[in-house]
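What follows is a pair of complexes built around chain A, which joins chain B in one and chain C in the other.
Let's turn to the complex of A and B:
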């Protein structure tokens, strides 16, 4: 359940923070320098605590209801799903030992691993999976995520190890949806109101960790689950501290009070290289992020209904410049809405190169030329000018400014408007009252993007708000949903991405890297990161005794 | 006196209704609701499910109907449950059949913010009073100039910037104070005094930072009040009687100069429950400012209204208290109230 990150970033404060840090660096050597060798080889051993920082506090730990990313991040350590994505983002069983798709592709049968247990020792069976499905499709459950599961016409648990779902017609994203639904315990939740149950703040799951303590507004402490279904993790305790401010998180990291945080490009590319004392104790990692940033045209407004105008704008934007300027080089250009390196990405596709001559030619072909000599191209006396709308997100604002300048070079007059998120969505996106938006979409793990690109998804509140309509894409998206065989699906979505790139309803700008910083006391981290990111094997991470923080002994 | 009090209390009711009505409408003027902020842009969240949520929360009704529903609940002193944070009660804890207690959002945030604000108000008064008095006694001389300069710097300096500097200096360069949060990770293993010490260490910087900007106002207020009083005829009389300088300054002048401060403090009461978003974010303190700010961003209407209602009720009460305190302290005003 990934959502687009719409938190405003506050780099002004960070810049000042960075300035302070670099300014003060010479004033006094850090007192607590240690002689511990963090780079040495240490054998794997169990124990220790890992302290992380996140910006938001989960509202609850039942992910289908809480929804926000802070909740999913913690809940991912507590609950299991039937399936999961492996390090290369291919599906594999988690609670399920295997799954079979019936020949007509309408029925999926999951076989659970034997002997599964909840953290409280009760058996975990297919009845729990059935119960969870009933919960998520129940009309009283306050979840926005029910749609995928409501397609199931029959769900059954014929025996404790078998869970079977039947769809009226083949539905390929089904497998992804079962990797996204975390199974909840029937014996603790039956008969309770899922929206208000105390379980949401005191969950019992089946994964590596269980909740030990939740201090509201301060931190959540998880401790190892002795009955974990996937084996035992090495680290004893996971502490997640809620620190809303990135600069404060960074100070905590420097002071050795937290082990892990997500850096921003300034911290990664500017502060760290200047601070050898930080590099000696903190490891930097780079992983592909979960979303891409794009410039989207309102295809119902003129002149964006003209493919030549859209392509001209695409050619006129220098993507590498955006990556260098906005992300300090810490990102990748994309040419399809999928994570680079996964099977859904068509390796043949390349982003539109930066080519102003071509852009000007295309504008000319569309009838846009500077007839009156004011530097702005026009057609029938109307100058080509529009407004780029974006939300309060520093990366997007900076991108808009760079794009504004590049488009000016080919004679397009652009203004920029920055809005608060809820107003942006409520007032402009829902009503379709915009020319061009600068936004982000997640790089989904399942290739199905029906809700974003299919022409039937244009009603207010639906996600094809740019009004994209291409019969070939519609039919590909429909076919892709009916095909459960990954290899055949791949062909469909490669073609889909190719048409999308050619049509240029949006300009792919970049996909930024996630930049985790983790204290070097934590060992066993995969570097370089596989497509799934460094977090795919947290259970294998370990903290050698000699490197542990001594203040929190876990006895 | 009692009649006056009852009259004032009675008038608070229509005032509160008026304030809440205006707040409610202004809140709904902003585009978007909880369904646009929570999973509003997740392709997995369908428009039908969002419509269902809107119906559950009555967001599909006209605003005036929603206000009626809210008022009806408020009549029973029910502040409702938060949309955004998993149906947690807005104001006070609830208990379910199994005896599980769910704490209210304001219930948890308010004591923290109150503690910090009361401490910083205490700090402000403890420092601003002597500064103001010294300032007035040395008017236009070096100490006065120095103090004025100091408090203005304190007023003008951006709080978040100074906070980050101090956090770096006391937390990273030296291991003197914790950087953020309210409790250490090993808080539960500490003894009684250890816990108090730990809390004080965590509170030191936030209290100092939130007090700093208030210092200038109060100390200048005291200084100017003192100056005005010191030039009154009765001070000349007191001096002429041959009273000692200390008696003149502290018994006759200061007490009179402090009268207007009572009003000021009365007006500061509602401010006590409002936290600073920036300070709370930087120090990772789960207080009222952050709660309100997040609620506004998420369009979490019950929480916004809950905080506004409690805030306006406290403002009105603060005004009343200030008037009463003033009457108690100043006989001239008292006569007006009693008659």
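Let's turn to the complex of A and C:
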């Protein structure tokens, strides 16, 4: 199930849809003949359980502490935020009934819906919101997500339904940040150490579901919360199974043991079309994630400080070839650091075309020519060669090999090094000890990308690890944060994207589609996917009685 | 090795099979540039994951590269890694084993404790740990495999030296005033050659396996260079419908390892009078 990425900006280990199949299933696994008609019309009814698979087991279910995607996916069904995004990615109230921004744009006042309750029956009030804000900004709380909330100079809960925050100056990403903070119960957490509390394994929330059972190394079972603040979901139980191996996930999907997983392009475009038996019971969906894959240069290293070298490399990479070869066409070209098709994407911008002649000219202008006739361009006797670092991700490895070949054509010698994620980040990214990386950004919905591109964000562990520094971009990013009018913000970020494309500190490679596969017993899924993705209305999904698995029938 | 021994070894049918296999791989690896129908690293995104056909004898991989061509070049890697790694291991093993067996005393104690320490760590994990600190490359792999698999040879050579030293012909030579160097190189080493050769041939088999294993884990030969191990890794992703990516490299590794093992065991049976008697 997709959830809105509420983290400011996290570099993602795997892009959505980057899942790769591996395993040992024979072709044509025996399929018992079934007379169930999955395509028929069934009325909406409550009950049943939906089984999902995740690769890792969450370390806990307090999202601000746990941080990993497995935890936020489960926690998103347990906790509410003050605000949320609707299917068209517009903000609307979740726990809040409404919110007002003061005329000076520095204060936001949230009014909570009346009569809200926690799953244990206790009232949910603005005191809980205040408590959560105190937690996330507390220096003892080990969370990477505090920065947005530390900007708040004053937070108060004057009455049980009112929560008010004040910023020293207007802060445009504020509302987005409040859609990302899941409210925790004060009455259960007060006086406890949030980093170690037993609550992380035994959470009590206010959303559609509550924890029923957590079997270590096996599964988490959620059951419907009778006190849910947003009404009742149709499906009784959500089961999340931990299946680290994607091949096993795919086998389980084929064997009807799980209901949904994210496919890779090969499974989507090659295996499914060849298997009518799978098509008859499993529905395929396609949604563009809010993320892209890029080739990033270390701008502090020669020769990448030279814009001509960066542009030459950009011209020499055939992005369409990457989309066709790596994603089997299931991707979109990118020219702005935003999801293609959204308002923040500058529609005038086009990716650098594949043009080797131009690339060679640019290299020449930068002083790189093949003087010694070895096929590699050189300058002052030094050949132009570098290493592309990437992590163990099949799509990125394949992209690197394709890029390696294209750069060879213009006389650049590239080696590829594939690293395990933890050592990649710890040993190379945080120390800045790299020339070129092939990575992805997974973005929040707010267009603010201060932390990735602002020149002040270059300390070890911060996100501007490529060392990008452009005074004009710095000032645009600063202005973008202060501007609350969406139209004026759009102009700012369009100019930002234009400069970024021209500067070419990174080469945008592609934005891949997420390819969820969901068993056809699950009904009520929006297809085609709305901007928020198919997961936006999971509470409306239902499983007709006739299609349920493993349930005792009374007939 | 004496000619009659070679003939004797190859008269063992299993050894002959092994020999033919190894010879075949040697020929294929040497002639790879002439046999290969395609450039092993030529990418063709319009020909991704094609089934084996007259155009691509072993199909194509996830980037449209010709698997048959990649297999041929992979054979070179396998062979090279096997031989160089075992060469290093044997050189170290012979030197240390000779020192320990000939001089005995504290030299022997020191060397054998070193062997014990090395043997107490599972070789593959030791290699994994070392490779993690180095840039993965074919040269590093050969060196690391060589540096971590000399213990068997050392023990073997030491044992041979210990027993040979007490033999009459060595004593005779010693009494006639032969120096250490002469004793070692003229008498002890030539007479220890048989077990060294046998263990080297068997060692190649395990080096080939280790290289494939490392490449399979992504720590071996690096892209775009082909090795059987990394073709196999690519195949793992698509095993449900692209069987050719797993079958051919898997078979190649199996047959090669089998070949070295058959040859090694055949040689042992043929060259070692004790085991020859036992078997017949």
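Before moving on, here are some points about what is shown:
Definition applied: the second predicted complex is superposed on the first by the 518 of 555 C-alpha atoms of A that agree within 3 Å, B and C clash if a C-alpha of one lies under 4 Å from a C-alpha of the other, contacts with A are read in each partner's own complex, and residues count from 1 in each chain.
In this text, contacts are C-beta pairs under 8 Å (C-beta built on N, C-alpha and C of every residue); 3 or more make two chains touch, one makes a residue touch a chain.
Source: prediction; values computed, not measured.
In the superposed model, A:122 makes contact with neither chain B nor chain C.
Shared-chain residue A:328: touches chain C; no touch with chain B. By the document's definition of touching, of the two partners only chain C reaches A:415; chain B does not. In the overlay built on the shared chain, the residue A:162 is in contact with neither chain B nor chain C. When the two structures are aligned on the shared chain, A:397 is found in touch with chain C, with no touch to chain B. Looking at the superposed arrangement, the partner reaching more residues of chain A, out of chain B and chain C, is B. In the superposed model, A:227 lies in contact with neither chain B nor chain C. By the document's definition of touching, of the two partners only chain C reaches A:274; chain B does not. By the touch criterion defined above, A:451 reaches chain B but does not reach chain C. On chain A, the patch touched by chain B and the patch touched by chain C overlap at residues 20-21, 24, 27, 247, 423. Chain contact summary for the complex, chain B toward chain A: residues 30-33, 35-53, 56, 81-82, 84-88, 96, 98, 100, 102-103, 108-109, 112, 160-161, 164-165, 167-169, 171-175, 178-186, 280-286, 290, 297-299.
Chain A contributes residues 1-4, 6, 13, 16-17, 20-21, 24, 27-28, 30-32, 49, 51, 57, 59-60, 62, 65-68, 139, 142-148, 180, 195-198, 200-202, 215-219, 239, 241-245, 247-248, 251-252, 254-255, 257, 420-423, 425-427, 430, 441-442, 444, 449, 451-452, 459-463, 551-552 to its touches with chain B in the complex. Of all residues in chain C, those touching chain A in their complex are 41, 43, 45-46, 48-49, 62-64, 132, 135-136, 218, 222-224, 236-241, 243.
By the touch criterion given at the top, residues 20-27, 247, 250, 266, 270-271, 274, 321, 324-325, 328, 392, 394, 397-398, 400-402, 404-405, 415-418, 423 of chain A touch chain C in their complex.
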